[in-house]
Amino acid sequence: MRHLLSAGDLTRDEALLILDTARELAQVGERSVKKLPTLRGRTVVNLFYEDSTRTRISFEAAAKRMSADVINFSARGSSVSKGESLKDTALTLQAMGADGVVIRHSASGAARRLAEWVDGAVVNAGDGTHEHPTQALLDAFTMRERMGRLEGLRVAVVGDIRHSRVARSNVLLLNTLGAEVTLVAPPTLLPVSVDAWPCEVSYDFDEVLPKSDVVMMLRVQAERMNASFFPSAREYSRRYGLTAERFARMADHAIVMHPGPMIRGMEISAEVADSARSTVVEQVTNGVSVRMAVLYLLLGGAIQGPGHQGETR
Amino acid sequence: MTDTVRYLIRDARILGGERADLLLASGRIEAIGQGLSADGAEVVEAAGAVALPGLVDLHTHLREPGREDAETVATGSRAAAMGGYTAVFAMANTDPVADTAGVVEQVWRLGREAGYCDVYPVGAVTVGLKGEQLAELGAMADSPARVRVFSDDGMCVSDALLMRRALEYVKAFDGVIAQHAQEPRLTEGAQMNEGVVSDRLGLAGWPAVAEEAIIARDCLLAEHVGSRLHVCHVSTKGSVQIIRWAKSRGCDVTAEVTPHHLLLTDDLAESYDPVYKVNPPLRTAEDVQALREGLADGTIDIVATDHAPHPSEAKETEWSQAAMGMLGLETALSVVQHTMVDTGLLDWAGVAQRMSAVPARIGRAVDQGRPLAVGEPANITLYDPTATRVVDPAAMASKSRNSPYAGMTLPGRVLATFLRGVPTVLDGKIQ
Amino acid sequence: MHARKHADGERPDQRRAVLEGPEIDRALTRIAHEILERTKGGDDLTLLGIRTGGVPLARRLAERIERVERRPVPCGALDITMYRDDLRLAPARALGRTEIPPEGVDGRVVVLVDDVLFSGRTVRAALDALNDLGRPRAVQLAVLVDRGHRELPIRADYVGKNLPTSLRESVSVLLEELHGRDAVLIGPAKPRPGAAEPAAAAPEGGR
């Protein structure tokens, strides 16, 4: 593993290694000294072109717990906002000796492009509507800790699948790990070729709900409402929101997940979000452990391969 | 290069068939026959290479005026000559837009000054390509540039009424509307072909229906008002079917396909390398197959390059920020050989029809696309289909480097291009 | 000092046994008694086995002490992967589990247990790991085999057997719990990262 760009790049063994490593590293968060010396002398750059305080903080905490030097490079107030290209920024990071770059970007594929321009390891922290592999890893980690397994676990992912990098990464990873995913959304919020995805699809939340071990709710962004993806927030919430009544019809052992930030009252009601079967807070905690594991596995050992400039461009 | 020099092309295969010598003098083909005497003429050994009428590209972006950092009329027409072209139609989406007689005349004049091929400016259909109001089509037609092809290429004339008026209006001077078929609402923010790959990559989709719906509408409009319609860069199987149907009804429609749509598919976007970003986007293998068949059976009339140079900074970026378009002039004939000739779908006479005679006829370029016969203008391309080459954008005559074929091995090589009896390319080198 | 001190079964015929089961038993019994003597009855005693070979040994020592003292002795496992000084010489490796007994390590007499003491680097890493876990009153070291060739100022408090070796040899400790039998084997050494050549020459990425 040289970069983490897509959850689909992970083999089953690699994914399990990350989850197992994260489980061991989770202990560090419970100790008096919440720090490991492992990445001392390594430099990790958080290159955030999109505002995402929670993801950035999670990566920053993960890197710092591993004793890496962390440089936060945000699009605001930097040369990026003056029109510097991603490539020039990449060359700058390269010159600064970044061993790892964590990138969040509004353009799909930005992480992949960056990986061609820097020698260090690139971690995709969300690229446009493409992928968010560490979110999928922390979701899988949370499911495994709560449910004790992933194999055969029935996971419903509900909401704006079409525009969701979280959904893409989750479908790929959960499929690799043997879970059974059902996507639930109005047809307008599903990708046109969703039949080719390794999962089931349903337009009917109520039918899927009682059969699910895990219900993962995705945020529906307000901008979708003005683009006729559905008639109104009220209708969406009525058909696809996790209301208290729907929550009551879930299996007793089933859990509710949400990658955050939540829109209470839209896709999830407040009482569901705050219930003991909601893993929202655990997901945040687990996010740090999973990102520690990813940074350790990418940067802790010998960094694999020389600069891969072999590709003809 | 003076036109008093005569040239004897020795041992060429005319349209890939019989071997003959061609004697060029005073801009015309003076004689064709076996064992012609040089008699003071410069001898060009064709050694069995294929002789084609000089190629005509109905769809080129020369970028001048406005984006001279990407291409100029001079560099673009040199690239055309290197690709075996003796005429190109320069699209109107320059800055300023070629929507007045002044701009088209400037482009036309720049082409004449460069002298590497005939440059026919395309006039914009609407002012500023905005799709709101007709440009002064008649003034452009009457200018020294004698514009006959009108296109908002890059933008679709999506307003049905405006399209109808444009189709009707150009009948007065035998013009043709070349439509960039793209329903704008269905393609807002579109990045690549909508399908399995776009869904996986999280790139906004450009659905086939957005092209097909406009083509269907325009064919019906053209039929209704009795005008000529030309469809730019057809890219989908459905478009081929619609055009086939329209032609069967007697609609006066012609269509073009680009070399890249004959060869490349949308899965190349997996790399997120915007060198593969183009409009209309690369489609699926099924579409590619339908386009090849459509070109072979005449549903699609011609190959046009949609040569679209961009500076490196427009391509070395994130996919969604990158410019659309790819180079085409210097690789078109090789790609057509690879996809159409070597597959048995076309012979060289068929290539000559689709890359020279018919595009010249659509564009009303009177001295171009003529047969290789005595007395005809000496616009000739000598092409060695037995050669192979690894495409190297750095070695191209174009000012830009955004060739999607970089590193690919393609068959064939243009040995020489003659424009009215004068070599613009000899021994594969620009003159 | 590395994982390769353990049996891998690749070249069994090239290795000879220098200790067999009964001798290992006797050595552990002796170490258990020495620990009791040195810690004055083993109050506040915690045994931590260094993964992987040290863990079953720590458990065996704890059983022996419990038999004598007739009370439970806290026993755990320490994974030192994240504290190793040779991490960057190989791709990142999987982590083992650190298990600290509920009593913790603060104020305890912690005896670190390992199978082979060699360069001392593993023990150095274990001391660092322990330091991040708390503040023991004292830390001692018990090893089954001391094969010499120290590269750090570290010595064992309890040694099962001193085994003079050459650097061209490797020492493997087989344990019933991990390998199905007890034995200490000596065989030809495999190349050891960071030992034969200076670390700076090792493949290191990330400029």
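Lettered A, B and C in written order, each chain numbered from 1.
As a working rule, a contact is a pair of C-beta atoms (placed from the backbone, for glycine too) under 8 Å apart; a residue touches a chain by one contact, two chains touch by 3 or more.
Fair warning: this is a prediction, and the values are worked out from it, not measured in the lab.
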Self-check item: Other chains in touch with both subunit B and subunit C
Solution: A
Quiz item: Among the chains, which is located farthest from subunit C on the basis of C-alpha centroids?
Solution: B
Quiz prompt | Rounded Å distance between subunit B and subunit C, as computed from the means of their C-alpha atoms | solution = 74
Quiz item: How many angstrom lie between the CA centroids of subunit A and subunit B, rounded to a whole number?
Solution: 45
Quiz item: Using mean CA coordinates as chain centres, what's the subunit A-subunit C distance in Å?
Solution: 39
Practice problem: Specify, in ascending order, the residues of subunit A that touch 2 or more different other chains. | Solution: none
Quiz item: Residue numbers in subunit C touching 2 or more other chains?
Solution: none
Quiz prompt | In the complex, subunit A residues that touch subunit C | solution = 17, 20-21, 24-25, 27, 31-33, 35-38, 42, 97, 99-100, 119-121, 296-307
Exercise. Please name which positions on subunit B make contact with subunit A in the complex.
Key: 191, 194-196, 198-205, 207, 271-273, 313, 316-321, 406-407
Practice problem: Would you mind writing out the residues of subunit A in touch with subunit B in their complex? | Solution: 85-87, 105, 107-110, 112-113, 127-131, 165, 168, 191-194, 196-197, 312-313
Quiz item: Within the complex, which stretch of subunit C touches subunit A?
Solution: 79, 82-83, 87-98, 128, 131-134, 202-207
